[in-house]
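Heads up, the next two complexes both have subunit A, just with different partners, subunit B and then subunit C.
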Partner chain A sequence: MELRWGVRNLRRHPFRTALSIAGIAVASAMLLDMVMLRGGLEASFADLLLVRGYQIRVTPKGTLPLDSEATLPDATGLVATIRRDPGVASVAPLVATSIYGRRVAGPDSVVTLFGYGIDPRDQGLYQLLRGADLAPDDSAGVLLSDASAAALGAGIGDTVTLLGVLDPQMAAPAMERRLVVRGVVQWLYDYRDQPSVGTIVPLMQRLARTEQEDRVSVLLVKARSDAEVEPVVDRLRAQLGGAEVNGVADLVRHFQDRMVYFRQLATILGSVSLLVTVLLIGTLLTITVNERLGEIATLRAIGVSRASVVKEVLVEGTALTVVGCALGVALGLVTARYLDEILTSFPGLPATFSFFVPRTPNVVTAILVTLLTGALAGLYPAWLAARAPIAPTLRAEAT
Partner chain B sequence: MTVLTGRGLTKTYQLEEQTVHALRGVDVDVAPGDYVAIVGPSGCGKSTLLQLLGGIDTPSAGSVELLDTRLDTLDDRALTRLRLTKLGFVFQRFHLLPVLSAAENVELPMAEAGVVPAERRRRAQELLEYVGLGARSRHRATQLSGGEMQRVAIARALANKPAVILADEPTGELDAATGREILNLFRRLNGEGTTLVVVTHDDRLAAEAGRVIRMLDGRIEG
Partner chain C sequence: MRRIPHLILLILLPFLAPARAAAQGVLEVALERRMATELGLRVGDTLRLGVAPDSLNRVARVAAIYEPAADPATVLRRELRLRMHLPDLAALLGQPDRVDRFGVALEPGASADSVARTLNQAAFGYRAYPSSQIASESSQTFRVVSRFHRAIAVITIVASAIFLLCIMLLKVEERRMDAAVMRFVGIRRRTIFLALLLEAAVVAVLGSALGVGIAWASGAATNLYYQRFFDTQLVFSLVTPDIVRFSVVLSLVLGLAAGALAAWRLVRTKPMVLWGRG
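Entry: the complex of A and B
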């Protein structure tokens, strides 16, 4: 009976109810987005790191992967050392450097590129989109991304010219190589429209002038499927004293430290949206209860208990919240996609990264928190209704 | 033997600096099957007396006993339950829930009393037929006329088979013809054994009552 009574009461003032539902929908959409943002950053980052199954990163001491221009010497020795660990399945060396390329078509001009040196047998950096992958010893081939293909004006089978880093003595590239485009790939950690190219490690080391010391930027390590990752990380730390060894969990922790502002922003905006929900529901129900004090006093007079009156008011609050929340989830998912597109277009962020990850636990959390808030918001007006003095209210109604 | 008794009922209100004496030591006895009309000029304390007898308000002094239970010994929950099951109320302004149908309004006290849905639907229909509104049970309260609303309110008051029906100016908002219908309904109810206590300005209603209590300045006259 309370349900029927409560829901029909909301229909007494359809415009007011619709406005409140719209307000709750916006507030719950914001809450959902903030919950997705808060957990999504970390989840997306962890997914990104694990996308090719490499759970460990070895970098120069005091740095994080591709965070600086620092490099690790004696890559071959390091790879051999790491491969000797019984928990390691594979190691992927990676060179990352700025290089240049000459446009194939159009006016002769040089474009700045981002160069990766990779081992095609063990690589955790790209996915082949079109054409062929590099052979392990293919020193005449190159992989492009769509962005670098566009920048160079080249396609699969074309020959492109890559220019190495500048020699400061000669003020000219130290090396120039003509390479055939074997395939087009998606570089997993590239930001949107980043013009990256990839060659085998030795060639990229020569272009970067680091081949003498056999330097690489990062080593990506994959643990055996039957091995625990953390013990492998601990062993590698002990063996590679001069390098930084981090598992995905460590990197996510570092990332969390850097993204603390986003988390704070998400917490603040999420709290604001909850407050708005409380105010909306609380205000609407308080107005409704005050308008119906005479009716409530009559019901109390004829023997309707305080508990039933409280239940009825809470039913109204919950009904408002349920409808508002359902609309809010849909709105939140749509706005999250839109906001994600804006935020991931910031320079320096991997294009495959997501700020808002709509995972079931996030959605369920947002829904539950909103529903609980809606129910709590009805407590004050429900208390007002239950405490309404019967006789004075009836007297006031009669005059 | 009485069903409802008031002894030394006194009620004072504090209105800012002023103390208002609404009732000054009133004694009332209502026997089963009585039809009592409480009459008097506005402000004489009639409605206050009815509210005290109905356990809606508490006296400043004195006591009310309903079916051998002193109301001042009950907590709010027990008093609410007593009002629900032993008393029926009819108000001047009907006070039906506008969002519910006539039948749902009549069902409300039964739902509160825990009557199962099928039984309360059956009884609500029966009561609406009794008050002549069997065909209008699905109409919302707002779709009914004043007289029809008051008849629904009477059906609601009868829902839990109360020992006494307390009515405060039940014809006060109705025109003469409609008031007469309510009058006839009360006569029929009392004729079938229902105990009625009615506060009224309406001479015709008072004339129907078996006993008239005249009040003036918070006291019973004569």
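Entry: the complex of A and C
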């Protein structure tokens, strides 16, 4: 009965009700976006790190993966040491360096490229899109991305020339290799249109002139199971004093530190959205109850209980919130896509990264918080309705 | 041992050593104030520097502590930085006579674009950029943040407009009985409309003034919090006269529009209906 009564009351003032629903919809859309932003940053980053199942990163001391030009020496020894750990399933060495390539055709023939040195047997860096992967000892092959293929004007089966350190005084590269394009891949951590190429580790080390010290930028380590990650991290930290060992959870924490601004912004704007919802519903219901005090007193006089009156006011608030929230979720998902497009255009951000991740728990959290807020906002007007004195109110109405 | 986050290329550790031990082959370095505070170092203290934790073999003396210019591009990274003479750093890195970049000062009247073009025609292994291009590319991050803020501002304005409209509507509708009585005693609709509009204007002006006060206070609190959080002099929130003007005008326009709409609906309603007997 209370539901029908509440809905009928809302329909008495369609314009007012529509405005309130619109207000709640915008507020809950904002809340949903902020919940998605707050949780999405971490979730998206963790997903990105775990996309190939490598849960641990080993980097030079004091650095994060690919955050600086620092490198680890004696990669072969390090890989062997790490592989000896009983909890380790595989280790993927990675060299990341700046190199150059000659365009297959065109006037300005030298282009700057990002070079990755990988071990095709153990790699956590790319997914093959077209063509073939490199063989483990393929020192004549290269993998391109769509962006580097376009920059070099090359396709699968073409021969491209990669240049190592360029010497401005000699006007010659320190190293030059002609390689056959084996396949086109998606480099998982590349930003949009980053022209990256990949070869086996020894070849990229030669191009970067780091082969003598056997240097790599980062080692990706896969533990045998998720439960093994923490113990492996602890053991490797104890063993590898000159290196930084981080599990995905540690890296997410570092990332959170850098993205603290967005997390705090999400918290503040989410709170403001809730406040707007409370004010809207609270004000609307309070004024509505004040307008209907005579009606409420009459109902009380003919035997309708206080509890029924309270329930009716709360139902009214909840009905407003439910409709507003449903619209808000749809609106929030649309605005999240727009806001995500803006933020993912950050320079240097991996193209697969997302700020607003519409996960079910995020959506459910936003809905529940809004509904709870809406219900709570109705408490004060419900209390006003319940304590309205019957006789004086009826007398005032009659005069 | 305390971890030094994200220290690029150099590893360093403070250590206690007699002053005379550092007399020979001691480098002089200048530390950023935040780094000196974090590591508890003062002018005259000594450090060991190296490119790896197991090769901290150069002794350096803190010759100066400096406060860097506030830079939004680096504030989130919280890197610890020190400065040293170029030959000292090159020797420490084992890369004598190598640099990352040159800054080139031009003769008065020379065009940075044409000089960069000329250099790039002869370039092999380097690329020349005019400062304006570097500034433009390095400010890309802030342009993205700025676009994001604008988008959030639009959503906030829409939410505020609906909220304001709703509140004004309710506020005016609270005056149903007053409006009915005024109509009964013969006051013209136009007068009632203007009275309600005036009331809405007063509410909008007071609300705007309060809003400016809250914005100023929350801006100050934001700056205080983030300046402490990031240990920087950067200004994070700026309430400029233009922003105040825009916000106040928008609030007044929205408030008056909402008040006018609500008042118009009220004066169109029959007095008996307003009185609750219609």
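Here is the rule we use: the second predicted complex is superposed on the first by the 389 of 399 C-alpha atoms of A that agree within 3 Å, B and C clash if a C-alpha of one lies under 4 Å from a C-alpha of the other, contacts with A are read in each partner's own complex, and residues count from 1 in each chain.
Throughout what follows, a contact is a pair of C-beta atoms (placed from the backbone, for glycine too) under 8 Å apart; a residue touches a chain by one contact, two chains touch by 3 or more.
Here the structure is a predicted model, which means the values were calculated and not measured.
J.: Compare subunit B and subunit C by how many residues of subunit A each one touches, and report the one with more.
T.: C
J.: Once chain A of both complexes is superposed, is A:L394 in touch with subunit B (first), subunit C (second), both, or neither?
T.: A:L394: touches subunit B, not subunit C.
J.: Let me test your reading of the model: by the given contact rule, A:A301 touches which partner, first (subunit B), second (subunit C), both or neither?
T.: The answer is first: A:A301 touches subunit B but not subunit C.
J.: Touching A:R8 in the superposition: subunit B (first), subunit C (second), both, neither?
T.: A:R8 contacts subunit B only, not subunit C.
J.: Thinking of the overlay built on chain A, is A:S68 touched by subunit B (first), by subunit C (second), by both, or by neither?
T.: A:S68 sits against subunit C, while subunit B stays out of touch.
J.: Given the touch rule stated above, what does A:I118 touch, subunit B (first), subunit C (second), both, or neither?
T.: neither
J.: Just to be sure I read the superposition right, which of the two partners does A:L284 touch: subunit B = first, subunit C = second, or both, or neither?
T.: second
J.: Which subunit A residues come up in both lists, the one for subunit B and the one for subunit C?
T.: 294.
J.: Considering the complex alone, what residue numbers of subunit C touch subunit A?
T.: Interface residues on subunit C, with respect to subunit A: 3-9, 11, 52-54, 76-78, 123-127, 137, 140-141, 144, 147-148, 151-152, 155-156, 158-159, 162-163, 165-167, 169-170, 173-174, 176, 229, 265, 276.
J.: Name, in rising order, each residue of subunit A that touches subunit B in their complex.
T.: 1, 4-5, 8-9, 11-12, 294-295, 298-306, 308, 390-391, 394-395, 397-398
J.: Can you name the residues of subunit B that touch subunit A in the complex?
T.: Residues of subunit B touching subunit A: 47, 51, 54, 56-57, 76-77, 80-85, 87-89, 91-93, 95, 97-100, 104, 107-109, 111-113, 156-157, 160, 168.
J.: Which bits of subunit A are touching subunit C when the two form their complex?
T.: 15-16, 19-20, 22-23, 26-27, 29-30, 60-64, 67-70, 73, 110, 112, 165-168, 171-173, 241-242, 254, 257-258, 260-261, 269, 273, 276, 279-280, 283-284, 287, 290-291, 294, 335, 338-339, 342-343, 345-347
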